Amino acid sequence: MSAKPMDPKHIIAARVARELHDGDVVNLGIGLPTLVPNHLPPDIRITLQSENGFLGLAPLEGDPVPGLVNAGGQPCGMQAGGVFFDSAMSFVLIRGGHVDVTVLGALQVDQQGNLANWMVPGKMVPGMGGAMDLVTGARHVIVAMEHCTKDGGAKILKQCNLPLTAKSRVNKIVTELAVFRIDPGHGGLVLEELQAGISLDQVRRCTEAEFRISPDCQL
Amino acid sequence: MDKIIGINEVVQHFKDGMTVLYGGFMGVGTPAGLVKCLLDSGACKLTLVGNDTAFPDTGVGPLIVKKRVGKLVTSHIGTNPETGRQMIAGELEVELVPQGSLAERVRCGGAGLGGVLTPTGVGTIVEEGKTKLCFDGKEYLVERPIRGDIALIKARKADRSGNLVYERAARNFNPLMALAADLVVVEADELVDVGELDPECIVTPGVVVHKIVVTGGL
Amino acid sequence: MSAKPMDPKHIIAARVARELHDGDVVNLGIGLPTLVPNHLPPDIRITLQSENGFLGLAPLEGDPVPGLVNAGGQPCGMQAGGVFFDSAMSFVLIRGGHVDVTVLGALQVDQQGNLANWMVPGKMVPGMGGAMDLVTGARHVIVAMEHCTKDGGAKILKQCNLPLTAKSRVNKIVTELAVFRIDPGHGGLVLEELQAGISLDQVRRCTEAEFRISPDCQL
Amino acid sequence: MDKIIGINEVVQHFKDGMTVLYGGFMGVGTPAGLVKCLLDSGACKLTLVGNDTAFPDTGVGPLIVKKRVGKLVTSHIGTNPETGRQMIAGELEVELVPQGSLAERVRCGGAGLGGVLTPTGVGTIVEEGKTKLCFDGKEYLVERPIRGDIALIKARKADRSGNLVYERAARNFNPLMALAADLVVVEADELVDVGELDPECIVTPGVVVHKIVVTGGL
């Protein structure tokens, strides 16, 4: 439960946590997004949906329980009031708008709200798993990722060139540098917030996409 | 009409080139005994349909590693490097399907439906080769049914008539696969008498189950 | 459980019973078809599917049990090993070919295997309920009905003129006079059997449809 | 976020012209208390979606008899003569839908699907006005989703978070309707604490339920 303030992953997770509301049903992608619940204030209680077939995902406490695993296949726990169901029902909930928020990583995201996070042709093809349905169906899609690639390349682009996960579905991008929203319909990225100690200039240098600056953004 | 068989009687049902549906998610809920039996049968050129190929040594992973699979229909292969290697080397045909669409396609196969219209995949390479329909300004892909020659199912408990309950998140694709194959073979941890399972809580009705192998004590 | 041998309904029900096999999953329409189980020999055990959402329909024994009703809304019983499910699952089973046999009545049936049993335009429009799905999805469709209308009019026609329930899906017609099968694809009605004491002539007089006579038919 | 409300608080959610989904089959599994409340609210020109109109004095029957319904989407009206009379007199618009197609259409509404392809109704008047597709020589009708403004659900037990279990064949359309409306109101015989219902046996997850009225003792 310890948040290391200097770790970009925790900065991102902590900021994503502030996007969630009490009572939200949330699906968290593998990796960084799973850190989000650690940063929730005690008055915000969310229900985690796990696409392998249940509601009420919780951290593992004690020994693994047979059959109780998260969508990565790792042993986990379950909240009181949790429910198990089959994969069809799991995606009825996801596609049908019963999941309020999905938080996932990205290889690329662009100013039209397009997301690419499931393959690099000829190189890495893990498959889309549940990501396409989640991004298509969840009411609110938050991309949570480090702002640049390991090599310092831009990931927030004018236009994705990797195969898309879904078209025009991303609502928000949270990185260790900034928070953007994407105006649905209007296309176009809006800078909402700079992370603590980050300058507009830094963000501009690391972002290929064009963006407007929200009047509410404190520069 | 006794559905209970020994594990040795399963092997006769496996044939080269057949389409095998399997339950499980990262191997959890995949019937390990039946997969081993399929492996031992030597059947090859199989078409496998299931959520993922687990890890090299779990779930259906070993079938991939030992090259028994000619075609794979699945949503995720990232945890079994051998699947990706064979795919990129052109040794294995892989059709990647969004997980929710895979669930619906198998459900359609078991439900006598000709397909579903889903928004998932619109505007992506998943569209390729698919019929697209537009209603009220919204586009949908027609995702077509999938059926199998055989379904390999893992249950927590079976009664003698084949009614099944599952174990937590090991349920996943199992109830869908159990409706969509010509022969449905179940590996159950435990066998109970007819009437012992709560009729409100049975997930898979016995009428769709053909054979049951019990791995726990009888 | 008493069969009155002279009642046409029981003659029909008894003959339908001989079409069923041990282990069959069967859906029985309202009325005459519900008499069929009374005529099953003890070595033939079937499972009744009730389209309102369960398998294992049985006659009511003792007091009505809350929520346990047949598709007519009447209190009933349940076999050991029965299962409850929702209406979607009920019709997954029906449409998906998991019901071996459906037995239902008809207003009209024709030599192409067309069935009309759900409305008389402007007069009687009860709705199709589950009948269209049953006739479309069950593996074997048996029409069980009295051979003629109350007025003596033909019900087995060259071509139905009432709105259809389903096209070319009837496999067998059992009446108090005769048993016909319909050759799928070939179109065409085949007389398989005369009921006891019935002449070919009687059947011809009451049947508008053209039919061939099976070589196995004892005249 | 307490979901438990008194029956008197339900009335504020009813409005003229709204689309009401209801569970039940011949009235069994229809929430009688909520229907009475809807009747008492005086709301009219309703669109009702459910399996049947039961009998004149059960299920949604009284809403028909008292002429609160402008449009009805259903599979069977034979047991309520008033429905047929109003339909033939042109006082009530009735769309008759095969029961399995009705179930799938409501399921699609709750599942974010744009429709299903069904063989049911092909070659009958049910085809009228519907898109028809042909795959592998077989024809299918595209049956489109149905959603409601409000769903009226009858459950055997609810926990405080809205997880539901039903009572035998009173389940029928309830779990489908509970997924397909903007506001889901449940009438439960019994309220239990969160954690008391078996997670393997819960049919409707509480996350889709908005309001619960308890008719039995609290």
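Letters A, B, C and D mark the chains as written, and numbering starts fresh at 1 in each.
Note that a residue touches a chain if its C-beta (ideal position, glycine included) is under 8 Å from a C-beta of that chain, and two chains touch if they have at least 3 such contacts.
From a predicted model like this one, the values you see are computed outputs, not experimental measurements.
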*asked:* Just to be sure I understand the contacts, which chains border both chain D and chain C?
replied: B
*Which of A-D and A-B has more C-beta pairs touching across its chains*: A-B
_Nearest whole angstrom, what separates the Cα centre of chain A from the Cα centre of chain C?_
55
*Return the distance between the CA-based centres of chain B and chain D, expressed in whole Å.*
32
_Distance from chain D to chain A - Cα centre to Cα centre, in angstrom_ = 35
_I'd like the Å distance between the centres of chain A and chain B, where a centre is the mean of that chain's Cα atoms._
29
_Shared-contact residues (touching 2 or more other chains) in chain A_ = 54, 78, 84-85, 91, 94-95, 136-137
*Can you list the residues of chain D that touch 2 or more other chains?*
104, 107, 112-113, 118-119, 166, 168, 199-200
*Pairs of chains found to touch, sorted by chain label*: A-B, A-D, B-C, B-D, C-D
*In their shared complex, at which residues does chain D touch chain A?*
1, 107, 110-113, 159, 161, 163, 179, 194-195, 199-200, 202, 205-208
*asked:* Residue numbers of chain B touching chain D in their complex, please.
replied: 104, 108, 112-119, 131, 133, 135, 138, 140, 142, 144, 165-166, 168, 198-201
*Can you list the chain B residues touching chain A in their complex?*
25-29, 51-52, 54, 74-79, 84, 87-88, 96, 98-104, 107, 118-126, 156, 166-176, 203
*So in the complex, which bits of chain C are touching chain D?*
50-54, 65-69, 71-73, 78, 84-88, 90-91, 94-95, 114, 122, 124-133, 136-137, 163-168
*asked:* If we count contacts the way the header does, which residues on chain C are in touch with chain B in the complex?
replied: 22-23, 25, 47, 49, 54-56, 78, 80-85, 91-98, 136-137
